[in-house]
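Shared chain: chain A. Partners: chain B in the first complex, chain C in the second.
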Partner chain A sequence: MNKRKLKEKIMLGTISLLATISAIPIFMIIINIYSEGLRYVSLSFLIDFPPPPIGGKAGGIGPALAGSLILMSLALMIGGCIGFFTGLYLSEFSHTKLAQYTQLFLQIMVEFPTIIIGLFAYSILVVPLKRFNAFAGAFALSVVIIPYIALNVREAYKSIPYSLKEAALSLGISHPKAYLRVLLSAARRGVLTALLIGMAKAAGETAPLLFTILGTSFSYFEGLDKPINAIPLLIYNFALSPYERWHQVAWGASAILLSIILAIFVISRIVVKEVKI
Partner chain B sequence: MTWAIEVNNLNVWYGDKHILKNISFKIPKNIIFAIMGPSGCGKSTLLRAMNRLLELNPHARVEGQVRIDGIDVYNDNVDITWVRRQFGMVFQIPNPFPHLSIYENVALGPKLNGLVKNKSQLDELVKQALEQAYLWDEVKNDLKKPASMLSGGQQQRLCIARALALKPKIVLMDEPTANLDPVASSKIEELMLELKENYTIIIVTHNPQQAARISDYVAFLYMGELIEIGETSMVFTRPRHELTEKYVVGRMG
Partner chain C sequence: MRSEKIFQILLFFFIFTTLTIVVGIVVSLVTTSSPIFIKYGLDFVFSSVWNPVKESYGILPALLGTLITSTIAISIATPLAISLAVFSSEIIPQRFRSLMNSISDLMASLPSVIYGLWGLYVLAPILHNYLMLPLHNYLGFIPLFSTKPTPTNLFTAGVLLAIMIVPFASSIIREAYTAVPYNLKEAAYSIGMTKWETVRTMLGYIKSAIFAGLFLALGRAMGETMAVAMVVGNILNIPKSLFDMGYTISSLIANQFPNAEAYEYMVPALYGGATILFLIGLVINLVGLYFIKKVMIKG
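Here is the complex of A and B:
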């Protein structure tokens, strides 16, 4: 083997090793969370109220799981709609000043610390109502996911070949019809991925919820204007507590949260494969 | 005589660039009208100025008139979707909607425009359009299959069927055979000769031989100007302009 080939091999080997190393944390996280958390998970764990710190039943994360699902749905409804139409505008009116500035602001917003968005929601929706409430949490999550959805929807529509846009409009239909009835299905891979990314983001965020929903774990949903809980917030609160039982609940909840995120990821992969054009 | 289309003093700019300069012509109905010229001379722009597809480009600006059946498509009272329905358009690269089935590709236009009342009417219309495009026999058992499974020539005929399903007055074709093999191309040319019984066809081509083969009227466009227009036999045998002569004998391309 000559020197040049040897060099090449060493180089390739190093890069492969580094690539492998970068993938290790995800497996370690999955193994760690499931080995610590799965043992506490059962059907009743998904439904029951959390246990008292000492004594009583094993308990569960029912209200937090329900709260998370409610907050995710609300955030996806609000943020998904706004994000989708913003993305469509950014793609199809990219020559306008409004679109150019909006895109710039959204790119900045993607990088915003989410705790600041939580504080913002606190000041405009919690302080005036004088109460922590579910809507403030859903609002904060919507604000967090809008830029992700908008920028990804923009990419999805941008990727449609120009000739297909011409073909759609040559049918003598209005722009809204062309974009929503004809071209949306051409862009559906990207649009669905955008919505799923938003969903995963809404499921996993903790910071926007800290000052908005309080995290009451001892009642199910009581209304949008009342406190609510979510899994990430429950993990945060319970893991910080001094009680061993609550630590166990936090581990179990982590396993559930991880499962939700992985499920969204798997679904998005399947969806993307299925609708490949 | 009523003309299929009348163009008066048409000017088009892309930003500051003057693309089409004072184009005026009129053509009768039920003929094939070829617009030929070297690439970049404004042929495709002229076609898109007729059905106002040009407005998809935010930098394009149009002045002048395009009249179909006496109505100026640029009149403020005229609805742009109505204008586009008067024209069926076929593009240079076959562009069926790849995610839709063969049937849906043809059915989409009539469905979204509310041209049919029920499914059986739609079925009939789709069949008719596919027959007119010489495609029915090849696809009648595969209507539910995706359009992307068809060959290039078949895809282009599907696009013709898609355009015809709107029952347009005029069919615009933007170099429809530029990306097809010779066999598929000649099939499209045959088809055009058949279609002119019922439609006026305007075809853009960079190939003077094709214009000579199929068109009744021909225009020669050069650097945004209409150099010459007339009956095809005249333009090709006795061109009045030196540039036209150079182009048709193949000394410019």
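Here is the complex of A and C:
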């Protein structure tokens, strides 16, 4: 008996220890990013052009921040639209072969290395135009977020009780009205969460942008057919540069990116809570 | 009736867009990479020479890099992910559970470039000073630790990947663990099992979900690009030990693609690497999805 009690103590202790170890990095990351990054952040950091490697003013991440916001909204518009309706189809026509195969494809696509999606956007939007452009980046990000949004919207619509669906459809209103007005309000929590997940993805993804937007940092937005920069790409480029000054900008930019992600995360938690009540 | 038709057509239009994109990705991978497979055949996979100037390309070092880093990652992540799942659904007091789960979910949703930056400037020096150097100094006679380590190398990349995939794998395991029928737990306690014995029984019950989580996490580790590209060292060599600087397929693409257009076969070669990565990932993810299906049928 004692042996078993001892074994229990040891095993549960080991599990707690390992679990604690695996949670340490997140705290280290948040603390490190903010303690290193926040000291470079100021209002002008959010607006200014990046500094030269040596000398000159402190500079900032203005064009990259603007670029990120543009890319995020475009990706959310394109990917959100395609993803939402795909998810609606997956939920409401789940008995069809088309829906079943699409769902399998999407489940695999969620796990696609995103750099492959970058290559895809490069070959269909950068090569023909012979120029890196903002639209290719927005397209690549849309492709990345479509499966996340579609699968989550599917879940949201699936979770509506069947009786509610019957009630909505028996009202005699048209299908689009039933799905997009009545049932959407029942599924709003899940749909909103889906869009927020997509937004967080679009904000942080770097690999799909590598070969599509180039990452010019010395001008603000000039048009969808011109190169643009984004915060994650700037962090990558500057962190690997040999200049101390640019490393500082990368830390500052990471603090901004982390804040964006944290904000989206907190909002999505509040949204989920609202559902439970 | 008309608006129903339009709505249906609209839904079809969007679902076909999605399917076209999926098919388009595969087609563009295959067609763009075909020249390299036609010209070099299997040599492309099994050769270790990467010399764009002579137009000779072998992906083997990068392929090995991908396999080594993801093996390190999954071996570290497996015990951590299972422990985290058990801890947050069994050991920690009820009122802290949702906080703990939030933290784990937040970790899974951090951008990989943030992990990369942190890995490069915080994790790599720590590992270098407190783990890799001592291992090399005292156990350097073991081939695995024989190279004098630099802060960025395959091992660092593997550890960083482990940190990144733990929350993802553990969330899948956690979901299955909390879905185990309650009477199983009651039965276990009622025959006098200790808490640990109960946990072990429950883990046995959700074996499929554990495999699913680990396989899907392995797929993620293999495809991860930015964080790895920042800490793996980016040198194309057949790795001789865990502490060698190396490349993974995805970081090779990220690093070499910008100047690929200058050479005749480099673009097909990098697409070829992506194709191989895609195929490996496809198999691993299908296995993972198969296990998840099994769980769902059981549940």
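Everything that follows uses one rule, which is that the second predicted complex is superposed on the first by the 255 of 277 C-alpha atoms of A that agree within 3 Å, B and C clash if a C-alpha of one lies under 4 Å from a C-alpha of the other, contacts with A are read in each partner's own complex, and residues count from 1 in each chain.
To be clear about the criterion, a contact is a pair of C-beta atoms (placed from the backbone, for glycine too) under 8 Å apart; a residue touches a chain by one contact, two chains touch by 3 or more.
All values reported here derive from a predicted model rather than from experimental measurement.
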Which superposed partner A:Leu164 touches (first chain B, second chain C, both, neither) = first
Query = Given the touch rule stated above, what does A:Ile115 touch, chain B (first), chain C (second), both, or neither?
reply = second
Message = Which partner chains sit in contact with A:Pro242 here, chain B, chain C, both or neither? Use first/second/both/neither.
response = neither
Request  = For A:Ile29, select first, second, both or neither according to whether it touches chain B, chain C, the two together, or no partner.
outcome  = second
Ask   = Is A:Pro128 touching the first partner chain B, the second partner chain C, both, or neither of them?
value = neither
Message = With both complexes superposed on chain A, which partner does A:Ser174 reach: first (chain B), second (chain C), both or neither?
response = both
Query = So, does A:Ala250 touch the first partner chain B, the second partner chain C, both, or neither?
reply = second
Contact breadth on chain A, by residue count: chain C or chain B = C
Query = Do chain B and chain C touch any of the same residues on chain A, and if so, which?
reply = 93, 174, 177
Query = What does chain A use to touch chain C in their complex?
reply = 4-5, 7-8, 11-12, 14-19, 21-23, 25-26, 28-29, 32-33, 36, 81-83, 85-86, 88-89, 93, 98-99, 102, 104-109, 111-117, 119-120, 123-124, 143, 146, 150, 174-177, 179, 197, 200, 203-207, 210-211, 232, 235-236, 239-240, 247, 250-251, 254, 257-258, 261-262, 265, 269
Ask   = So in the complex, which bits of chain C are touching chain A?
value = 3-4, 6-8, 10-12, 14-15, 17-19, 21-22, 24-25, 28-29, 32, 79-81, 83-84, 86-88, 91, 100, 102-107, 109-118, 120-123, 163, 166-167, 170, 194-197, 199, 216, 219-220, 222-226, 229-230, 250, 253-254, 257-258, 270-271, 274, 277-278, 281-282, 285-286, 288-289
Ask   = Taking the complex as given, what residues does chain B use to touch chain A?
value = 51, 53, 56, 58-59, 81-89, 91-93, 95-100, 108-109, 112-113, 148, 159, 162-163, 166
Task = Report the residues of chain A in contact with chain B in the complex, numbered from low to high.
result = 93, 95, 161, 163-174, 177, 181-182, 185-186, 188, 275, 277
